[in-house]
Every structure is written in structure tokens, then in C-alpha cells.
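Just so it is clear, A, B, C and D label the chains in written order, and each chain counts residues from 1 on its own.
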Amino acid sequence: MREALVQASYLLASVLFILSLKSLSRADTAARGVDLAVAGMAIAIVGTLMQQTIIDYRWIALGLGVGTVVGIPLGTRVPMTAMPQRIAIALTFGASAATLVGIAEYHDHRETLALGQRVAVAFEVMLGSLTVAGSFVAAGKLQEVLPSRPLTYRGQNAVNFGLLAVILVILGAVVAGKGGMPMFYGLVALAFIAGISLVLPIGGADMPVVVALLNSYSGLASAATGFAISNNVLLVSGALDGTSGFLLSMLMSKAMNRSFTNVLFGAFGSQTQTAAVGAGSDLVATPISAEDAAVQLAYASNVVVVPGYGMAVAQAQHQVRELAELIEKRGGEVRYAIHPVAGRMPGHMNVLLAEANIPYDKLYDMDEINGDLSRADVALVIGANDVVNPAARTDPTSPIYGMPILNVDEAKSVIVLKRGMSVGFAGIDNMLFYQPRTRMLFGDAKASLVKLVTEIKAL
Amino acid sequence: MREALVQASYLLASVLFILSLKSLSRADTAARGVDLAVAGMAIAIVGTLMQQTIIDYRWIALGLGVGTVVGIPLGTRVPMTAMPQRIAIALTFGASAATLVGIAEYHDHRETLALGQRVAVAFEVMLGSLTVAGSFVAAGKLQEVLPSRPLTYRGQNAVNFGLLAVILVILGAVVAGKGGMPMFYGLVALAFIAGISLVLPIGGADMPVVVALLNSYSGLASAATGFAISNNVLLVSGALDGTSGFLLSMLMSKAMNRSFTNVLFGAFGSQTQTAAVGAGSDLVATPISAEDAAVQLAYASNVVVVPGYGMAVAQAQHQVRELAELIEKRGGEVRYAIHPVAGRMPGHMNVLLAEANIPYDKLYDMDEINGDLSRADVALVIGANDVVNPAARTDPTSPIYGMPILNVDEAKSVIVLKRGMSVGFAGIDNMLFYQPRTRMLFGDAKASLVKLVTEIKAL
Amino acid sequence: MNLTTLMQAYVFVLAGFVGFLVIARVPPLLHTPLMSATNAISGISLVGSLVAAGAGRSVVSTVLGTVAVTAATINVVGGFIITRRMLGMFKRSDRRPSDPPKV
Amino acid sequence: MNLTTLMQAYVFVLAGFVGFLVIARVPPLLHTPLMSATNAISGISLVGSLVAAGAGRSVVSTVLGTVAVTAATINVVGGFIITRRMLGMFKRSDRRPSDPPKV
């Protein structure tokens, strides 16, 4: 009877996780999706605690307590701008749980595990350990504790493939039951090293793709645990995470106009280093003073704000809202044009602007607003570069050629807020800045916006 | 080892069925979907034949042989126009197989079946038997062997609900292991009667929805078999059929602008009987001779053909192609406007026109062509009525009000081919026919088209 | 609830979700071919029929099983042929081969 | 291949299909919340950790299990809170409440 209840709780939890993912894939139901997942998790936990094998609740209570105390601030305090590294860190925790359980399982039952279970445990610790290390490195790169540029050396791919080959051999030995605990710990250790070594050569900006992929590995590690200890809810949610993470990382690289293998093995992001900058060296961009820009904005009736990575760096979203409200108070209309890969993670701009309380029906997708940009009196580009680079349309030799962009160059006038003439993520110059209708307002985006606000108020 | 192979074949077959359905849900991959399903079926059959429990192949060979001999002509000979009844008949066969297997299972193992298996077998024969009878009646109605109008009497819903209640009681008894074979046969018989009694009151035109729903029941019967005899491929494909059939029947009723319960219990389709006809009785529709219509078509440069149920009745699709080719040879452009529920089953017009070798890129969905109909020189309406009835847009009291229609009334001129002034499926008059720009070419659609072709050739 | 029944329940529920998700966005054009194809797939009850017909358990079982095999085979063979035929008819014009598929 | 492993294979494959089908059409706007949510869900490894920590099998198992419970709980608690917070930020303006959701 008790066992039946446990199993029923697991089935229910599995269904709730599925419904949760389904809700999460649509904007209007996404919030409900989280509630469903929370319910599923709670049910699965209660179901597990009812199991007959659990005889001692003290350590469990300790773990749950400490975890909750640490988890709450990680959930409530971390600013939205730190989301990518926040997810990567969380992944480290989740994957280390799977790895530790795998080690405990192998330690206790090494002698009695069936072949299938050995396979499962071996995969569990391999994927888990790789994910722990990989996502830790990813977090470091995203937080810029580690250098976010790709760390490469000659023969790197050869070394990595060699490492993977050795791991597979050891995996085989563990599955065959050879080598005992030392062999097993060797697997854990080498997978850990592989995690570091595979992620280091990938540039910081590609980390979201990597994190999604590692999430998929961590899901597969859970599924392997499910196989090993015959637990269906682990199996189901592990498989869900495994495929959805994989698909998500592919969708992400597609949205960035990049191939998936290129992201993972392409000495990738190193183009940031190599691409030439000086293309427009004899051209001069026209600066503008904050005072003049303020006048232009104050009297515009149709303003389109184009946020980019620079706005995120400057944390300028609140000043953006302040400026927009001033313009609106004076009778102008302000809309926001959101490029799908503006910033450094998908939905980056949406999250930031939402944090500043900008209603999401003022945010327009690229496809929705592109036809309308020619009617804008002022396009205010705040720290965006690649996503407004007309070379994507016009220059077949450009590395971003073919990527859909926001056609800001069609607006009646353009004001660009950035610190200098540096390139963006793709490492290429942008002819938009040299266009007769474009004016550059140099300086940190936040500082410039503060100046604009002050000036408009003074008008 | 052999058992492992059997099980592997089942897993592979299940995956192939899923991939098949996925392919079948997109036009460009649908044909490949059938191949995948065939492969899955073949693998499942071979896997089953390898099972150790099968000791005598003679009867199996007989059944497979006879089935193939009968099945091939049913697949190759039946004309496309008879698709709905063809599907209904096939369903009868499939469901009777499930029912017979259930009876055999219960007959042989009655004493030893576990509770769960009794539940499964009881559901299997109940759903199977209901489907056999229901789809047989549906086929009869579609073929018009049985009267296709709803057969209703007072208190019908009460009788049907009573019948279902009795069935549930007997189902309970069988599950409880009470009553032996007689009780079991009682369940089969009553479910059979329920199948007849539930489908008779539904109008012929709603049969596609009913057939899809019965398909879902038959899938659930297979899934129940899978539970009873612990066979995973039955379980998976049964569940696939069960949910997809159910969803499909809901999508269909939605496409017909009808609620699902209304289809099943609404004394449904009886509105065909009751709705008034004479609304436009003092209006006169203007006839046209085949000769004049031919001239008009011959010199039109932009013709839109709107096929409807009448074209299917008259089997006129080949003549439509002939006429279109003549017009094209003379320099005119011919497109086809396809309403999602023209005819009597979804995709009816597509199938017929495809059969006449009309390339499917000349077929335009309602949404694609509606904005363009005002540019048409001639809209040639062939046996369509409800799907071009402007009352759906203009008359809130009309039973079809709110259904999206083809805006044929906006064309520069309209020629309607039908036999007289009879109403269509919805049983209501159509103001389109009395519009000044509309001409009626009375007569059977095929005969009229033959005349038009002859006249144009003679020009 | 024994373990096998439990696992069967998972398989059933998950396969149901798959069916639902796959069909959720199919266009009306494909409703009829899809109905025809799922119908043919429901001939998978053939698998159960083969066991009943060939296991030599009892005369009743063999007879019913053989009839069931016949019926299910008709469904499978006829169903796949006609679905294939129907879909084979959806072809594009030769004149504009580069166009995206319409309807 | 024993029966349980077999059924587990079915469950795994089917759940994988479900994951694939559900995510296939998610818009870029939701990529980050979705990543965050699946991440929190992957904290389900908590279920395995609870058994390791509470079954009293060995000191190693209890210690590793307790650490695992802690780590997984951090993941679950923090992950759900932050996902909820992020999605809570996607709100519409009060001025045009009847508009369809944009972006």
C-alpha cells in the first residue's frame, strides 16, 4: 500500500513536469508552468520520504534545511543581469548531487550491481562529474572571474579527443566490473578534467549554449540514476531535461546564426580576436552632445529604443525607462525593438527591461517592427552593435552576413550610445555609425542616459 | 536472447510509429510517414512471429493470406470519393480483431487472470465491440445504405444513458470476476448495441468526427490488450491512436465551427431538417446558358474555382481539370480556393483535385486567397453552397454565422454550377445566388462542365 | 500495484502525451490522410491476434484468433495502401518546382 | 534483457520524445526562463539523494547523500524562485490591458 502511494506520487510528479514544460513554452502560460513544476517536485519529495528504505530523517532534514537557507538568497538576491552565471552555478549543484549519489551507490553495492546497473552508474558519474566541472568553468567565464575569451593552444582538439578516448576505455572497465573503487574514482576524476578542458576553449559569449547543453547532460545523469535505482520519476524528468536541454542549445545556436558544432569545437568565438577592425578607418563618425541629443528626443513623436549588450553592461535599464517616461509625458511614443540575440543570452533584453518595469507589450520582436523602423523619428541605439549592423544585409564577406538584423539604418535619424568605437561580439566594424543621419553620444550608457534625462527635464 | 530480440523489435516499432505520426502531421513529409508506419508494422509482426509461445503457423498463414488478398483491392480499388466509408469499414475490421482477441483471452485464462488483467480485458472487449458496431453504422450512413439523416426518437438520450449505465454495471461484475462467460458475452453484446444506438442519431455529414472518435476507442482497446497480455507495442500504439484520434475528432469539429458535444449529443445535424429554406422566396436567381458561361470563362484572365460537395457528388474533378487546362491554354490563370470544410470530410477537395492530377500548389487555403478574391474576373463555384454563404458574415441569426467563409461575393462575376436551388448541408438559403453579379448554370456539375469544355473548344 | 502494471501505466501515459503533442498542430488538409493512417496503425491489434491464433491454446482461441488475424490484416494492408495512394496524389506542379508547398 | 530494464527503456525513450516535442517551438524570449526552469527540475536528483542520505547504508553513503541533498535542494529552491521572479517580470502595461501579448 505504501509502495503504491509512492509510485502513484512519482507518476503524478512526472505528469506535472511534462505539463510544466508545455506551459513554459508559451509566454502567456509560462508562470503557471513554474507552479506546476514546483508541485511536481513537492509531490516527488513527499513520495520519496514515505519510502520504507528511508529509516533516518536527521541527515535529510539537515540537508534540506541548509539547502533551503542557501537556496533562497540565491533565488531572491541575484540580479537579473547575472542570470547566465546563476544558472551555471545551479547546474553545478544539481550535477554534483547526481554524481555523489552515483558514488555512494557504487560504493555500497559495487559487488551486487547487475550489468545494466553498472552501465547506468558509470554514465551517471561520468556525465555528472563532467557537468559539475564544465558548468563551474562556464560560470567563471560568465562572471568574468576566468578570462571570458577562448583559452586555446595548439593541438587542443587532439588533446580533448584523446582525453575522451581514455574516459571511454575506463568507462568500459567500470562497466565490466574491473578495477574496483580506484578505477571508478579515476572515471570521476577524468570526467571532471574533461569538463574543464572542453569548456575552457569556448568564448564567454557562447556560454549560454554550453550551459544548455550541460543541463542536458545533467538530465541524462539523472535518467541514468533512475535506471540504476529503478526510479521512474528520475527516469522521466531526466529524459525530459536531457532532450529539452539538447534541443534548446541547438535552437539557441540557430538563433545566433551559428552551427552547433561550430559553437562546441570551432575554436569558437576566437574570431572576436582575429577579425579586422579598421575597415572604416578613413571614415569619421559624427559625435553629438547630450544637450543636442536631448532636444532631438524631446521633440520626436516616434522613438524606437534599440537596446544591446552595452545596456546590460552599464545596467542602464532603469534610466532607459526614466527617459522613455519623460518622452511619453511630452507626447512622444516610445517603443522597444528587441533583436532575438541582443545581449549575451536569449531573452536578455526582455528580462532586463522587464526588471525596470517596462510593460512587455511595448517590446516588439524584430519581425514585428522591422517594417516600421523607417517611420521612426529617432532610433536610440543603446549599447547595441552587431544586431544593427547593415553589413549583415549588404556585405557577403562579413562574418555576420545573412543574420537577420534590425534595420535601424532606415530610421529618419539615429543616436548611438556607446563608450567609443569598439566592436561588438562579432568583432567587426559597423557602417551604421558613419552614416550621415547617425550621431554618436559617447560615454557609458548609464551616464549618458542620466545626462539626457537631466537635459530634457531642464528644457 | 530470442525474447530480447522480440522486445527490441517492439521498441523499434513503437519509435517508428511515433516518427510516422510526426511526419504525417506535415504536408511535405506525410508520404514518408506512411513508409515509417509500414516499416514499424512489419518489424512488430516479424518480432511477434519469433515469439516462443507461437507454435503453430498454419492458421496464422491462412489469416495473413486471406487478409492480404482482401485488403489489397480495398486499398487499390476504392475510389477516393468513398474514403470516409472506407475508413469506417477498415475500423470495423481493426476493432473486431481486438474484440476477438479479448474474447479468446478471457475464454482461455478466465480463472487465472489477475485483477488488473480483468480490468484490461473488460475494457478491451467493451471498447472494441462498441467500435465494431458504431463504425459499421457510420459506414452505412456514409455509403447511404442507411439513411444518412439523424434517426431520432423521443427520450433517446435517456435510453442511451441508461444503456451506458447498465454496461458499466456489467463491466464492474466482469472485473469483479462475477458471472463467468455469460456475463462477459453480455458485456460484448450490450456494448455492440450501444455502438449502434449511439451512432444512429448522428447525421451522416458528422460521421467523419464520429469515425475519428471511434478510431480513438479502437486505439484504447489495443492499449488495453497491451496491458492484458503485457505487450508494449500494443500499449504504445494504442495510446498514440487513442489520444491522436480523440484530438483529431476535436480539431475536426472545431474546423466545422461546431462544439464537440454538440456533434455527439446534439440531436445533431437535425438542424438540416428544421431550418427554413424560403428566405429568399421572392428573389429570383439569374440563369445562364452554357454557351454564355463558356464565353465568359474563355476570355477571363483570372479565374478562381471554388469546389464543394456537389463536385464530389458529381465526380466532376477530371472535367474541372480539363476546363482549367483549356482556360490556361488561352492565357488565363486558374486557381482553386479550398475551404477547410468544403465537401464532407476534411481535405475532401484536396484529395479529389489531387486525384485529377491538379498540382497542389494551385490549391489555395481560404486564408491565402480570401484577400485576393476581389481581383478574380470569374469565380466558378462548383457544387459549393454553405462555404460561400455570405450570411456567415452578415446574418447573426444564421446557423452558420461566425464560420469563416470564402468571400466569393467580392469577385467581379460569379458562375454557380448546381442542379437546382436546393440548400446545402446547413439547410439554409444562400443570398450569393441572388446577387446581381451571379449567374446560375443549372444541371449536374459533371454534365455542365462537359458542356463548357465543348463550347470553349468550339470558340 | 505491481511493478509491471506500474511501468505499463508510465508507458501508456507518456505515449498518450506523445500522440497529443504530435497531432496538436496538424492542418485540416491532412486530417483525412492522418485518420486513414492512424486507422491502419490501429491494425497493430494484429500482434495480439497472431498470438491467439498461433499459440495453440484452445480451439476457440485458434478460431477467433485466425478470424482476428484476417480482419486485422485487411485493415493493415488496405489501410496503408490507400493512405499511400491518397498522399501520392498530393503533388506539386512541374512548372513551379521551386515554390514552397501551398495549402 | 530483463523486463524492468526493458520497460525503463520505453519510459526513457517516450519521455525523451515528449521533451523534444514540447520544446520544439519555444520562442527565443522564453529560452532563458526555460533553461532556468529545466535546470531547477534537474534538481530532481534530490530524490536519489534523499534515499542515499536516509537509508543508513554506510557512513560514506550517508555523508555523500547529505551533501547531495544540500546541493540538490539549493538547486531546486533557488532555481524555482528565480524562474518565478524572472517570469513575474514579464508583465503587460496597464494602459492597454486588452491587447494580445507582444514579443
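Here is the rule we go by: a contact is a pair of C-beta atoms (placed from the backbone, for glycine too) under 8 Å apart; a residue touches a chain by one contact, two chains touch by 3 or more.
The structure displayed is predicted, hence computed values, not measured ones.
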{"item": "Comparison of B-D and B-C by number of C-beta pairs in contact, larger one", "value": "B-C"}
{"item": "Gap in Å, rounded to a whole number, between the CA centres of chain D and chain B", "value": "41"}
{"item": "Averaged-CA centre spacing for the pair chain B and chain A, given as whole angstrom", "value": "46"}
{"item": "CA centroid of chain A to CA centroid of chain D, Å", "value": "16"}
{"item": "Sites on chain C at which at least two other chains make contact", "value": "4, 7-8, 10-11, 13-15, 17-18, 21-22"}
{"item": "Interface hub residues of chain A, defined as touching at least two other chains", "value": "14, 18, 22, 232, 236"}
{"item": "Pairs of chains, among all present, that meet the touch criterion", "value": "A-C, A-D, B-C, B-D, C-D"}
{"item": "Complex interface listing, chain B residues touching chain C", "value": "14, 17-18, 20-22, 24-28, 30-31, 33-34, 37-38, 40-41, 44-45, 48-49, 51, 53-57, 59-60, 62-64, 66-68, 70-72, 74-76, 78, 80, 83-84, 86-87, 90-91, 93-98, 100-101, 103-105, 107-108, 116, 208, 211-212, 215, 218-219, 221-223, 225-227, 229-245, 247-248, 251-252, 255, 338, 340-341, 345-348, 350-351, 354-355, 357, 359-365, 368"}
{"item": "Footprint of chain D on chain B - complex, ascending", "value": "3-4, 7-8, 11, 14-15, 18, 22, 232, 236"}
{"item": "Residues of chain C defined as touching chain A within the complex", "value": "1, 6-7, 9-10, 13-14, 17, 21"}
{"item": "Parts of chain C lying in touch with chain B, wherever the complex brings them together", "value": "2, 4-5, 8, 11-13, 15-20, 22-58, 60-62, 64-96, 99, 101-103"}
{"item": "Residues of chain D that touch chain C when the two form their complex", "value": "3-4, 7-8, 10-11, 14-15, 17-18, 21-22"}
